[in-house]
Amino acid sequence: MKENEKLKVYPLSDIEYLKIHGRTTKCLSPLTVFWTGGGIELNVKGSELWVEVEVDYDIYEPWISVVINSAPVSRQMLISGRYWVCLFRGMSEGIVKNLRIIRDVQAMSADPSCSLKIHAVKFDGEFLPVEERLYKFEFIGDSITSGEGIIGAKVEDDWISMWFSAVYNYTAMTAAAFNAEYRVISQSGWGVFTSWDNNPYCNIPKYYDKVCGLLNGEKNEALGAFEENDFESWQPDVVVVNLGTNDMGAFNSPEWRDEATGESHKQRLNDDGTFNEEDIKAFENAVEGFLVKLRKHNRTANIVWVYGMLGSIIMPAIYRAVDNYKKNSGDIKVSVFQLPNTTDEAVGSRNHPGRLSHERAAKELIGYIKEVLVNR
Amino acid sequence: MKENEKLKVYPLSDIEYLKIHGRTTKCLSPLTVFWTGGGIELNVKGSELWVEVEVDYDIYEPWISVVINSAPVSRQMLISGRYWVCLFRGMSEGIVKNLRIIRDVQAMSADPSCSLKIHAVKFDGEFLPVEERLYKFEFIGDSITSGEGIIGAKVEDDWISMWFSAVYNYTAMTAAAFNAEYRVISQSGWGVFTSWDNNPYCNIPKYYDKVCGLLNGEKNEALGAFEENDFESWQPDVVVVNLGTNDMGAFNSPEWRDEATGESHKQRLNDDGTFNEEDIKAFENAVEGFLVKLRKHNRTANIVWVYGMLGSIIMPAIYRAVDNYKKNSGDIKVSVFQLPNTTDEAVGSRNHPGRLSHERAAKELIGYIKEVLVNR
Amino acid sequence: MKENEKLKVYPLSDIEYLKIHGRTTKCLSPLTVFWTGGGIELNVKGSELWVEVEVDYDIYEPWISVVINSAPVSRQMLISGRYWVCLFRGMSEGIVKNLRIIRDVQAMSADPSCSLKIHAVKFDGEFLPVEERLYKFEFIGDSITSGEGIIGAKVEDDWISMWFSAVYNYTAMTAAAFNAEYRVISQSGWGVFTSWDNNPYCNIPKYYDKVCGLLNGEKNEALGAFEENDFESWQPDVVVVNLGTNDMGAFNSPEWRDEATGESHKQRLNDDGTFNEEDIKAFENAVEGFLVKLRKHNRTANIVWVYGMLGSIIMPAIYRAVDNYKKNSGDIKVSVFQLPNTTDEAVGSRNHPGRLSHERAAKELIGYIKEVLVNR
Amino acid sequence: MKENEKLKVYPLSDIEYLKIHGRTTKCLSPLTVFWTGGGIELNVKGSELWVEVEVDYDIYEPWISVVINSAPVSRQMLISGRYWVCLFRGMSEGIVKNLRIIRDVQAMSADPSCSLKIHAVKFDGEFLPVEERLYKFEFIGDSITSGEGIIGAKVEDDWISMWFSAVYNYTAMTAAAFNAEYRVISQSGWGVFTSWDNNPYCNIPKYYDKVCGLLNGEKNEALGAFEENDFESWQPDVVVVNLGTNDMGAFNSPEWRDEATGESHKQRLNDDGTFNEEDIKAFENAVEGFLVKLRKHNRTANIVWVYGMLGSIIMPAIYRAVDNYKKNSGDIKVSVFQLPNTTDEAVGSRNHPGRLSHERAAKELIGYIKEVLVNR
């Protein structure tokens, strides 16, 4: 193999026109990519480009997708170590390409060792400015929003990184339709009040204020995951919250026992299958409380609570909670929107929405956000 | 990162149930994967699997896709060197997976250094037999059959490996519909008589008898590329020939000058835009001659000459040639079938058929092959 | 033309296996077809069949569609008069056909002269039993449910019978998916509380108890339109209510002045665009009140309130009202489901949902009713 | 019912801006609509319009579709007699509508009594000029081109008028895509050389010169069906010939005995299933002969021979014949194009192409004609 002798190494901090996606710290040496959909974007005029990653994990390895001029061209597992990955080579020197490296896998709360860092770029050309996008969108959710099940055969049932996708995800498709920059805050199995298995600590609101607060361990602390997030620096136009599916699941799951306190937790159904009044109220309070917190940090955003890709049973409680929030706050830039349910032919792996289901959800959501942005 | 201590290395030659795809030599130490769509297939019960590749090139690097239980899960560039690639990890030990590693890029006649070899597998489980498929299909073609342009944005125009795909290709889709094992013999720019730019040496029939005769150089000779192909060992049920598009292009391209002989070559049009009689006859003779060769090596196959994904102007000549062949040979298992043209919305990169165009072509071809297999 | 001498006239009352669709009286001499989607169904073994209709109107003529073996074969305007219409001829005598004659246009409250009656059938064969269907569905709605705008070019804006369809309507498609018999109670412009132009008398609940109470005039009285409906004789499994679109419209329309009382009526918005609290509450009370009435008459039906095909702004109020109803009544067989909004390419004539929009709505609604019928 | 007193009767011959579609005579008192797809077109500013038809038949009644502003609004059987049919009423007086009345059923060679005449229009407004279309297309074919099987359930097998459609037909769709005026010359069961059942008199070329020469009887003679067609007055830009399907069928059908001469006719297959050389040559001669005739009458048209919607077995012979014709004539504006085969889900009634199959065929044909019109 012939060496390309024009390649030069650029630490991220030396790249003038670096665009960073996803919530993270200010550190560029290296940059930690915490969340799915996060990564870097560059406009580059040159023929060959590599990126230096540093990867670690005990259980769940990260994956990345590479997107060139908005087309996904590769998707690969990143094994542990610090090494260079070639993103393209042999392209025309004089032509500008838009390049994105996207983390395809959610932040992994269950593996404190899991991390993906980017140190530098090796390149033989010139960096150019990345166009500022029209809008900023934030998506908050669970496994659906993490893109669990978009990849893989229907039979797959292992809970592993391989089945996740940030690219063929309703989040990415919706943002692309508006030429919006976007961020994703999501975690499989989690809810707004409780996880699918009644663990009350696994809720997104609890950690929303931190850079990536749902992670654990000293390593993540050192990476800045538990710092306060700088909301001022990135105020979204639209916040989409897609939570409720796991809160609903909790009503159908056994109790969860907290080994630390000895307490058990369980969202209860009545004998006739209706919700226990107190427990559904706790869920509603969590929705309302989260809206208060979201508004505090996102002062002007249109907030849309979406739900329905895996059934819509808990929807009345969501409507009640949002109603209450609006009545109590006077905030009118909040609404609820039902996403289409996942039909049989649109199921992906792990009984989760597949790519077709994400496409359908995006289509409906795009229509709704259009109205929201025009009318309110 | 925790080491998986159960992993054991298996040279390919030690794997009892190894299934090899694509035309190659008998050598397993290492296995050379010459053609697009080629690679290895395994049925494996275990949690983690790596493959050891050895890769070289001067210009055009190979890419692979990994397909698990028939679903594509990753696709990546292979840089030069000898190293291990992890295909999956963290899966349930006790569940059998079907695994395929597929070369996504055509044999590269323009880069004698380009090679992809597989040495070994590192695995923590048990190998199981791969089910014998119902049919064997062979596809012979040019850039269309090589899947050039399936990947990448419409604006892309560089001629590089990145835009090729064996997976979202009409060949793979057609074979899958019949549960057929398949092989691809193809080269961008080449024809049955001449290349798109009138180079008469760039035709597939000339090299069809060899393992991968269109390659060049000592390295490929050492790999066995120029050995006689063992047709006896793999007799297809259907041979699909998709050639003619570049032969047509030659009529619209300038002459090609052979520096070795000083001769120039050019397929000519008359002033009224019709074909020069002698030149179109030469094309027809090449079609007929190739059919004679194909029948010699594939004694019982149904041979289908397909054409039309990038226009169908030369079709009458194809029909004439196939007619002549049938009349002269008495062979009735040969026919012609027009594939749907690539409409604007189905164009991929490099003005080639995109994924949607391949899907449409596959749909029509599947229908036609069904009839062929039933009726004849 | 040759006469078919085997034809015999059968008054409807003489036909043993006559199946009547749509809410109507017990009178068969003649049968009045009041509602869209209503009509007669026959299983017939014979070659030629005519139906004798009697039609009147001052402004809005009725239309019918003829459906043979579930395929629509004709659709025509019925001009005034009493006459015979040929539904089929020249068919094989010995083969049984399923035949439906369907009123394609809603009951016309604005034209007291409009009526469609069926007197008799002229036929040359044998009547056979019509299979009892698995389910009974009732649909209650406005212009959307009346199928206004399914027929005709996008530019059409006249309010005339020609643009209505009962056949390419989400009601018919949804019922067909479940092999359900169905009835439709609907009126363009009407709501659950008020019409689109703030006329408080134009609401469906007010007239729900009568056979076809929203009609006017002595002629309709004589036809039995104002008789109490016999709910006992037809208890649906599912009641779909698609009301709210015109109630929402009222908030954006000028006041309506009641010439009789001199009173004006207007659903008001606040200056910030939110709903006037009293007025939205009146809407919610109307929803709740209608649910009470629906449950009284349909004792075991699953009631599904659907909404969203022309925007979903008033949805929170629907959720609140249904919540209240459920809390106050303890009735758990009531729910809310959002239908997909009509996208640009799915708009029909008169800015109403076109056939494509009805197909999409049916697809989602079918999925939801499946769950409802299984789970609850 | 209120009478519309503004209605006035206009004999066709009194309407200045009358546009006639389909091949017919010059007679307007009345106008005979011989062919499927034929009829009249008007641009009208007014509220209500009726048409006076005169209809006769012994066996096969005609049907019409009404198309307003390019949208089909009704479709109905026309029973025998002379009477008025209302096409629209209640529309805005001041708005111009484009109106087409289209014969939905082919000329019926098997029923010499079958005729459809138009005498007059009754209207309350003003006639306006009909825009001249960009192109003129002629379609020549068999049952496929007659639209047999587009209407009706899959189970239908009676040969009756009801299953025919000129509207959801590839002919109409193709013409519409080019804003082309079009004519259709077609007959179910007929071929270019012989009918499906080996009757050598049932071929289109034999009657192509006459207005509607394939009809029979004195009545049709009186209507002018057997007059020479005036080709000068209507020179098409494109002639699409879709023949060959029945010629192929003849090879698989029993012989046909000519009672007049005692002779039997049969297109033969050899024992190995290939075509008898003499018989396939007779077919090819018929194709070539028809091309000579077509060119004589259509001096500048691009002629496209299409085939394949119900299989493509005889295609090589079509290519040979067209080749021969081109070689012998030097005519280069003739080509062959394969239409997509009818897949299972696209079958209509009577095992014929359904609406979906016609849509697919139109899509491919539109693409091809675009190239033909641009390049040649």
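A, B, C and D are the chain letters, set down in written order, and residue numbers restart from 1 in every chain.
Simple rule for what comes next: contacts are C-beta pairs under 8 Å (C-beta built on N, C-alpha and C of every residue); 3 or more make two chains touch, one makes a residue touch a chain.
Small disclaimer: the values here were computed from a predicted structure and weren't measured.
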Message: Following contacts chain by chain, what is the lowest number of steps it takes to reach subunit C starting at subunit B?
response: 2
- request: Would you mind checking which chain's C-alpha centre is most distant from the centre of subunit D?
  value: A
Task: Provide the C-alpha centroid distance between subunit B and subunit D, rounded to the nearest whole angstrom.
output: 44
Query: subunit A to subunit D: how many Å between their CA centres?
result: 58
Rounded Å distance, subunit C centre to subunit D centre (Cα mean): 38
- request: Have a look at which chains touch which and call the overall pattern line, ring, star, complete or other.
  value: ring
- request: Any two chains that touch count here, so list every such pair.
  value: A-B, A-C, B-D, C-D
- request: Sort out for me which residues of subunit B touch subunit A in the complex.
  value: 1-2, 56-61, 63, 68-71, 73-77, 79-80, 86, 88-92, 95, 113, 151-153, 155-158, 160-162, 349
Query: What part of subunit B is in contact with subunit D in the complex they form?
result: 272-274, 308, 311-312, 315-316, 319-320, 322-323, 332, 335-338, 340-341, 343, 363-364, 367-368, 371, 376
